[in-house]
């Protein structure tokens, strides 16, 4: 089977893909057809089923893995497959890992790097509480490693949550070394846990959409509850420290209107907010500029409220 | 001893009052004196100690109960006491209850009324969880009954939290009866608990100021953690319901910029926000208009962003 | 004839409907066809005229009542009628009342309830002025009973203005009983008249669109002029009371940016604003949740700036 | 008697002035004294009554015309009078006109100029309606000529309303000649009447403060009601034109948040808003720069949100 | 050849037009076709190439001048040409001036009028600096005369920059004569040069789009640099005056959020901002109302945040 | 002479200090006195001259260096000096360097570090242009080394501009190493020069106030003009690169409302904005927390819109 990024115009393709989107439509003559969006880890491909009631087209739904057969054409400079046959793929016929976008960096290396930062947290209470999830909770570790950091925007791929967390952590390391007012232990513990609520705010791939709790509570509230769960298991955890740590989590969006119920009040909360914001912006730019060459303007970007382009040197 | 609202110009007073504020100042001749604000449950009275180093003036601090002796004059239409003697009062010489502003309504009656609303919650999980605090937790009940709902603004007196909660609850009862989309159980449980975090956000009287947790976390986060503590004690509490209840708590300020990390998404969350806002506004107006007569304009009010006056009929 | 909410897929239908929308389009082959939206009081139905120049299709325009003949199919889970014949219906062949969305509540009962509130206004001047419209002006009464409260959003059906006014009035009754600073007479008179300008801001059904005066002046200005017209007929109406009443009308949107030229300055103006806002929100939610079951998320709602869903219990 | 702008340091003064402000204060020794602000048409002068209970100081109140006797000193580069004697002046002993700030331009000339613009309004309905106030209503004419355009900010002197109206009118004349889409008659009638509500929004000099109606309704609502009163006297006044004229009045602040209940929708409404805004800004600058020389920075100005200075050439 | 505004339904046309837009599309049957937008100085015309691969259709691109042959039909009340033949036009076969929208006013007359204002600048330094561009720099003069003042919105035609500049200048003349605090020399020099940066911010017709420098720097920064270039050529140009002039340029948008890095601080900067804003708004309205008759509402206009219509008289 | 941070209550002091502020006041008895603020590099001290007309008090003005003699008392927990004698100090009697707050870091070391970053700029054009100021322009180098980065807020001391620039540069180095989309040369050149306009926006110490150009143009415009001056000296400097560099300078405040006339459009402009903002915030916190111990709340901070405190661990 060919990955989507290897497919060319004019080819006849047979392969299994995730049916990410399925939408019925109708030609002006009143003839029904289906628009599909096929996905694998390398990208997406539009598909058309012009004759959805033909014998070759089996029953299938959105989010199914389907085997498709058809011809690839180019339409408005985009590839598109006119699908003649569809059958539902059976578990075992495909490896789900081939169908989700994934961090280009090695997940285990990144995780080991994160563990080494945990090793630097000398405050025993914070150290224990962080280990509660990142060392002792196998389910959490698996979820954290495989999660995205966002539904869209930046780090929207498996491993993205880990990649973003590590990147924020490294910038926090820079801040801790540069500004002596910062307590490294509190900042590291806060950076490592700042987005752990996302493991429950977003569902797993390939769905990667807001969960019910994600909608009702959001990752900030979920995260502060998870912090509370860890703290309750540690006798003698200082109350003041617990509140400071939770404060850093809830204040990390920096402004009430961005969903933080409190603005930063501690130096570490400011540092975490600055690091989170900086990595989110730089990574989003990285994803926007990926595969772009030249200095053509890319058009108005709503997130940055600006037209964007690459630099000439 | 005379309560402050019974004192008249020209009297010579001896009595015990709470020293709410003590600020040193200096005359233009370089002579030190002290500005005091005395308080009892009926109001406050400005005091001047023109000779703070005289023998009659004992050591004392802000928040002490002090016995003062002096003459009451009228200055700029306000009463003021020129204090000649001060001694610190001993516990037992005074009843602290006489020194804190208190709801004019009967606390126990209000509490019984609130209990009757709890009795109407038919969902067993919500019912149990609300009882966890309001029926079974003596310390909580005592704190809840004696707390204010705010440092300043509205309901800033002992019993104010209970009075505000009951008033919000009654408006929620109106909404539940009027709009059939509302689930009464969820709305009642949410209204009753919407401000329970204030028992930890604000310290007790006579201090009634933000606690460390109040500053770092705020009553919304404290409240949602308290809800979580109650739920954990109840086997089988439905997860979806738990999230919905927590959602109503965190969304009750209605807007992100007012400190709610999520905007309302459920009908009950909207209803609670509307009821909380309505009672806060109407009660604030009630306190502003208290003791005012006539239709003179009261001046620009920052909270309402408007000049205010009473109505002519 | 079948009402739209009783039509099923596969039926062949002949009946008279209001042609709410008529838009010409063209297939990609350059063949013209027409898109229609048919309406009766129970809902709307999309129609297609694939052969608009055939003999069976008579001349007709938007807003005409037309008799259509065609087959009902299901397209993308929505019903649609492929229309073969159209003729213009003559007056007398249909009852216009069957073609406009109407309050589910009994209009006369609601109006009687409103009259009983008018009976409670004891201030003779306010009482007379309210009766000027609601008791003595037949044209106004007919218009008020038949009007919607909005073009879209909430209460967008005949009788909606009355239904909304009564609902606001009842909440105002609650406020008047709960908060003693409120003058019941002024609040009732203001609630009853707060949206009377809408009888001229929006045209009658089936059009229900902004009038020229609605665009140029809006219902707040129109309403305050109508109040002035009533007051001029009543000798001795106190000037101060007149201004207070007008103030409640112009301030009922609560904020300058919502079109109130003054922010509330009287307790009654605040109460009216709170009641109007609360009913508008709760009724909008009621209309959104209508016919919805389950706890699926309904998607982002622009008015509430939030994703919405029903509650699980 | 000397006008305030002719008084010098070291002089002993006896004269009648308006007591604009009277505030009791107390020295740190507990001795009462009074702070006064005296006013005549040329400016204001601070006064101190160090011995308010002495025989020479008669009873008097704010807004009284008082005869004062005292010595003028310089304090922090400002003149100040230490007052030894005060008696209340009797009507007839002074000319009120000497005590209110007044336009430097000739009021009658300005009014004649305004009348000549009215003569240019060729639409008979608008012409009659404008004459209703500006030609036929003696009380209105007297009030309009003597009124200020604002409590503070710009044109805050007797005749200021006329001066501002004429200035706006002239700029509107420029617009009408430059942009052919503008109807001169409607723009002139709107410019002439745009602030007539100020005759009732602000009380007369020397008070010049918001009236009760000014607070409750504001000059936009008062003005549109006055327009309505005029129109009602003119049989056959076209309804559409009436609404357009009223629209120009209510939209002349340009934005909802500046108190206009509708944004401009007609070219004349835009032109009036631009002219009103331009004259308000340029006149405010004129008053700020008055008597200033050199290019020193005048400090941050809250209205303009900018530091200001004069230009070097 | 026929100009676009002279073409009628049913005609068969052969002529040369600018191909402003070319977009490929596909019928539901999978058949490719092209959507074109043709332009000349009198307007635009939609075109369809239903058979883009036929022999009669030569190669061509967007922005090419093409000779088209086809039939004009009316579709949804708009004219549209079904194109049978296309060939690329050669230079010499057409006059580019016929294909760009152009000011209706005479460019040379306007320029002479502008020169006469330059003649009124008596300050020698400002006079020389303005002449540096407007008298001595042939390239600049040519560019300035032929430029638009905007990509869209107002004055978006050749000569528009000159027309807008002259209109702003005339309003500034009015201000200079009306308000004595204004220095005419500085205001004229600032008005004349306020948008000179647009000659480099926007590319020439027919492109008329943002240049790279336009995107990166904008016309305010480009303009202030051009002012600096002129000043450097004039020995003894007073530094303070240079800064004041530059200030007027950079502050002419009036608010930071509109792209001015400083708010106005000088009377001339305020006057320029008011004049620029007034002409932009009135000219935009003029273009919107062009060719419109009657008082129908034109629909919500995003720029003015209002529905618009013409006036009835 | 004693530095201000070494002075204790009860001491009698004679020494030379900078008179930063002098304000006349008057006791309630009408007796004049002067309030001073004395300054040296270690801090400030309030002073009172109770008898400003005594023989011992010579003539002096704000910004003079004065020798004072007096007694130090403690007032409201702050030290204050009651001054008996004042004489103006002569040049030579004091070292101005002792009177201005100065970076605690070594200016020459910091400058060398900055030079080493310049050495890393491999693009010859950017390298030359940066050297134009930082290597070849002695006056600029002296000014840059001695300047503050702000009037108040952060880095408001001599050397502060260098310290801030270096700190921003180091964070930019971090970004350049972390995110491969960044061009190091452009980012370094932009970071080094981002605030060079401040050398002309703020006057030298001890004044350290906005200059006329600072008020009229601001450091962003001044800076981009300085960049232009450097570029003009370098033949062949690529135009596109020049615009990109200038863009990074003008966009470094990140938002129009913070005074950037363009929002960032290049990755380097975003990185510079993030680095500038992060260092400004962290350094401001550092200065706020300086000398503070414990975890007491420091009170609401307007810049951060939050109450602040130090962390408990």
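So that you can tell them apart, the chains are marked A, B, C, D, E and F in the order they are listed, and the count of residues begins at 1 in each.
In this section, a residue touches a chain if its C-beta (ideal position, glycine included) is under 8 Å from a C-beta of that chain, and two chains touch if they have at least 3 such contacts.
Owing to the predicted nature of the structure, the values given are computational and were not obtained by experimental measurement.
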item: Pair in D-E, A-B or B-C that repeats E-F, with over half of contact pairs matching by residue number; value: A-B
item: Interface residue overlap between copies subunit A and subunit B, same or different (over half shared); value: same
item: Selected pair, greater C-beta contact count between D-E and C-D; value: D-E
item: Inter-centroid spacing, subunit F versus subunit C (mean Cα positions, whole Å); value: 62
item: Between subunit C and subunit E, centroid-to-centroid distance (C-alpha), Å; value: 44
item: Subunit A-subunit F separation of Cα centroids, rounded to whole Å; value: 42
item: Touching two or more other chains - residue numbers and ranges from subunit F; value: 27-29, 212, 215, 240, 244, 262, 265-266, 295, 307, 309
item: Sites on subunit D touched by subunit E in the complex; value: 123, 167, 170-171, 174-175, 178-181, 183, 185-186, 238, 240-241, 244, 262-268, 270-271, 274, 277-278, 281-283, 285-286, 289, 295, 304-313
item: Subunit E residues touching subunit F - in the complex, by the definition given at the top; value: 212-213, 215-218, 220-221, 224-225, 228, 240, 243-244, 246-247, 250, 256-262, 265-266
